[in-house]
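Some structures to go through are shown next.
Each of the next two complexes has subunit A plus one more chain, namely subunit B in the first and subunit C in the second.
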Partner chain A sequence: MDTKLEIAKSEPIWNTNNKVISIITGLIILLFVLPVFGMNSFYLHLFIMIFMHAVMAQSWNVIAGFSGQISLGHGAFFGIGAYATSFFYMEYGITPWVSIFFGMFVSAIFAVLIGIPMLRLSGHYFAIATLLIGISFQVVFQRWDLVGAASGLWVTMTPEDSWSALQFHRSKVPYYYVFLIFFLITFFLVWLLSRSKLGYRLRAVRDDPQAALSLCINVSNYKIIAYVISAMIMAPMGSLFAQYILIIDPDRVFNIEISIIVLLITVLGGIGNVWGPIIGAAILVPISEYSRIYLGGTGGAVDLIFYGLILMIICIFRPNGLISFIPKDILERKKQR
Partner chain B sequence: MTSEIIIQAIVTGLMMGLIYALIAAGLSLIFGLMEIVNFAHGEHLMLSMFSSFWLWSLFGLDPLFSIPITILLLAFCGVITHYFLIRYILKAKMLIQICATFGLSIFIRSIAQLLWTPDFRNVDKPLLEGRIEIGSVFIGQPQLYASLVCLIAFFGLYWFVTKTETGLALQATAQDRHAAEILGIPSNKMFAIGWAIGLGCVGVAGGMMANYFFIFTDVGINFALFAFVAVALGGFGSIIGCLYAGIIIGLVESLGGLLIDPSFKLLYVFAIYLLVVIYKPQGLFGRY
Partner chain C sequence: MKILTVENLSKSFGGIHANRDISFDVEEGSILGVIGPNGAGKSTLFDLITGFTKPDTGKVKFFDKDIFGISPDKISNLGVGRTFQKLKPFADQTLLENVMIGAFVKEKDIKRARDRALEIIDFVDLIEKRHHFAKELSTGQRKRLEMARAMAIDPKLLLMDEVTGGVDQKTIPGLVELVKKLKKTGVTIITIEHNINIIMEISDNVLALDQGKRIAFGEPKEIQNNKQVIDAYLGTFDAA
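Right after this comes the complex of A and B.
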């Protein structure tokens, strides 16, 4: 018993596959130097959206992929983050760097408040309840005068580019780096989570709640923890998005489309897998942006048609997502024994 | 706040509730059969309302007479849904099932938006118009007849499921798919029939509502939400539970709107949902 423990402890936490490590390091360096080569602002925007959606999808992945609870109203936390940051910045002049944490804090509180009654539910009950929650938030914010009701908040613009106010009017490059850093941090943390004790317990809760319970894992507590983590990943993206587009309204940040797209990206990439959301976002966001360019203005939601179609096709043919095309031995850490 | 207004709200809520009940019954039937929640239920309702609308605007057929066509169209739609989507995900994880029907809902809604634009439409001068006055309570005629038709259709459904041979076969499949197959009941066919009937119910509700409700591509979302709540409230799989649950929701909606604030209707219904699923997770009449 002890020797096995020794072996397990001596195993490096990093993937021992050198090829994968060097590919990932190379990609990260590439992402950092890309703007230096002078991308035009459309490609910068495209990359910013990919980073943002990857993180949002990762947030959904934590609750749905790791702990197995399907939330259909995850846009609520995005909106809370956006509103908290913009509101504190506009009313009290608190720099977004601080109010991002307000957003995370408020989201976490809401996640606990929502989670305690609702995560006792499971399966369809939880999915329906979250669908209702997502729409309830939109309804409340549309009528809440303090935060501008239906017209939303127009973030006060600074005359100059400013790091303290997180506003850059001349170029998108600073935004690119901000989103990139958040993206990398989030994925690193979620990657750590996925291989920590907590991560394994969450998966145990997902795969067999009864068995998990018999191993003294408090199922509903762990579901709430996953929900809170998920909300805290989602909220900063809302905050940054608000600083990026500088105008938020309930129809935009609480839109059900946000809840749809995080689900779609994760299912497309591979649900329950840390790398799934990156793959999903890297494929889906360009499709969405390009279809908006070439088919936009027709008044129809053409990109949504694709989303629905892709979602159904993936569910029928590849329930494990596109990541299941990649051979397993590349993704998983090699066994030492 | 006189008693007349409250009676008026109760009558309105009751009439709305009967419609919710029929929509929910379709959902509940499908869930009871194969444990799949049809997240595209609202979109099917939208399709049925549009079918009524187009039959009226292209062929001049009054919504009252086009109901049989609408029912057939929706039943056909249900069979298609089963054969092209549901058949493949019967054995999949619940997560995949939810995602698939959710994808279907996005697909139908956005196709409708592309084809018919998100404009609001309504049927001009249908046969059912005007209102009845009883004392000081006003009852809209189309609303009244819609709720009556829904009630009749509901009991028709109940009779079908509990008394006819096909209905009993449906119940057998719902209880134990494999045992039913051993007895010579083809489960795949039963599922298709279940989808046809479930969406046929939606066809009745949508066809009657086309008489007085605005018809637009997002119309289904609220109705579907209330139907989900009704199904959870009545107990997943219980058909008669849907009737009570639908009426409760209708009453909560209209009385809450009257007594507190009409813009937060959804929240009252949501509160009821939470209370019920937390304290009585199997629903009021559920078998689970």
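Right after this comes the complex of A and C.
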């Protein structure tokens, strides 16, 4: 009996699959050197959008996939991030590198303020409440003169490329690296989170709140913590997006589509899985960008039809997302049996 | 030393008195068996003690601390563990992960929490199943999982709702042995149990409920001969 226990204790806590580690390392190196070999600006844009959407979806994954609360208003935090950098840069000349943190901070405050009353609602009611909050942010910013109301903010362009103003006009390559680095840092931190005590406890809250309560877990507090972390992941993407396009308005950065797309990407890739959002973004973002090219302006909404179709197929045949196609023994969840 | 003192505890849902004026106490290190027909208010009583349902009136004391009406996470944090009648495992997580979530209460470090969880899983004899997902386990194994998970928070008092309910006859003796083994570790146990032979075998005291009220409280022998209990409950069994 003791020996079995000793064997169990001597197992590593996490399986490390050297093959997977080398594949991931290879991919990261590839992403770093890709622009060096010359990528036209469309492909740079495509990768930037994939990185951005992967992080946005990861943000949603933390609240929905880890703690089980479906938020339909996550666009609010994206918008807050976008306005934070643009507004403070234009009004006070504060570098976006600092105001990114303002955006995160303000988003965190709002997550707490929204979370305290709303996360007491369970299931669908939280989703509906967040949907309305997301819309109300858009309405407020459309009428708020200080931040340009409906016409939004046109960030003053620097004459030259500037790292301090985080503006690059000659090439998209610097943006590519900025987004790539945020993408890598976010995924690394969320990966750590999923393996931490906090990650374990969030999954407990998701799977069975009552059982979690019986194990000393203050369920409402943990939901709020997840919501705050989620908001703080979303806000920097709004900030970087604002720096990338340099014109922001409420219709764009508080668009309900943002709240929906993060859901679609995550569900497609695999909800509750750290890697799901990458897979989802790598598939959905190109569909959206290509349909925009071939079918004009808004993609003729064909991309939305595509999304709907894919989502239906996924929900019926692969409720755990595309990630579930990858053999289990490669994923970290499966340990030696 | 009394580990739990309950005085005149009452709870009604609408017009239904789920628990009415229930009083009893539990000696540290003992096992209290709770019996009663379906709908007698046994599970409600558990929910009131552990904070899952807010009681209306009465007193609940854990050692000297008043725990009447405080939240379940705070009560569990004081050292009151519980299992559920309708089992609530974290289904998509492995047995080890289930128990680790409990173990994190005592161990902050992930490796130490893992080792603590493994020791408890070994205690409930499921060490070979540690990497199985909870949903893959049998009912009896999931009962052990819930016991292990509750033990992981290192409770001084453990409330177990129907340890032997819903499992086949062959599984029952093992679970009963486990309860006895658990008692030897010094933890105080309150258990809801329908199998009267088991109650008589393991309990130091028995609390009998019927229609939300206490009809008897005392040593198993007294209960067995109590007329009210026989009428309400034991009459349906061929009681020894």
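As a working rule, the second predicted complex is superposed on the first by the 313 of 337 C-alpha atoms of A that agree within 3 Å, B and C clash if a C-alpha of one lies under 4 Å from a C-alpha of the other, contacts with A are read in each partner's own complex, and residues count from 1 in each chain.
Keep this in mind: contacts are C-beta pairs under 8 Å (C-beta built on N, C-alpha and C of every residue); 3 or more make two chains touch, one makes a residue touch a chain.
Model, not experiment: these values are computed from the prediction.
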Which of subunit B and subunit C A:292 touches, first, second, both or neither: neither
Touching partner for A:139 - first (subunit B), second (subunit C), both, neither: first
Contact breadth on subunit A, by residue count: subunit C or subunit B: B
Contacts of A:201 with subunit B and subunit C, given as first, second, both or neither: second
First, second, both or neither for A:169, with subunit B first and subunit C second: neither
First, second, both or neither for A:308, with subunit B first and subunit C second: first
Doubly contacted subunit A residues - partners subunit C and subunit B: none
Complex contact set, residues of subunit B against subunit A: 31, 37, 85, 88-89, 92-100, 102-111, 113-115, 117-118, 221, 225, 228-229, 232, 236, 263-264, 266-267, 270, 273-274, 277-278, 281
Interfacial residue positions of subunit A with respect to subunit B in the complex: 64, 68, 70, 72, 117-118, 120-121, 123-125, 127-129, 131-133, 135-136, 139-140, 143, 260, 263-264, 267, 271, 298-302, 304-305, 307-312, 314-316, 319
Subunit A to subunit C touching residues, read off their complex: 1, 4-5, 8-9, 13, 195-197, 200-201, 203-204, 207-208, 210-219, 334-337
Subunit C - residues contacting subunit A, complex: 50-52, 71-73, 76-77, 81-82, 84, 88-94, 96-97, 100-102, 104-105, 108, 110-111, 113-115, 118-119, 121-122, 127-128, 130-132, 149-150, 152-153
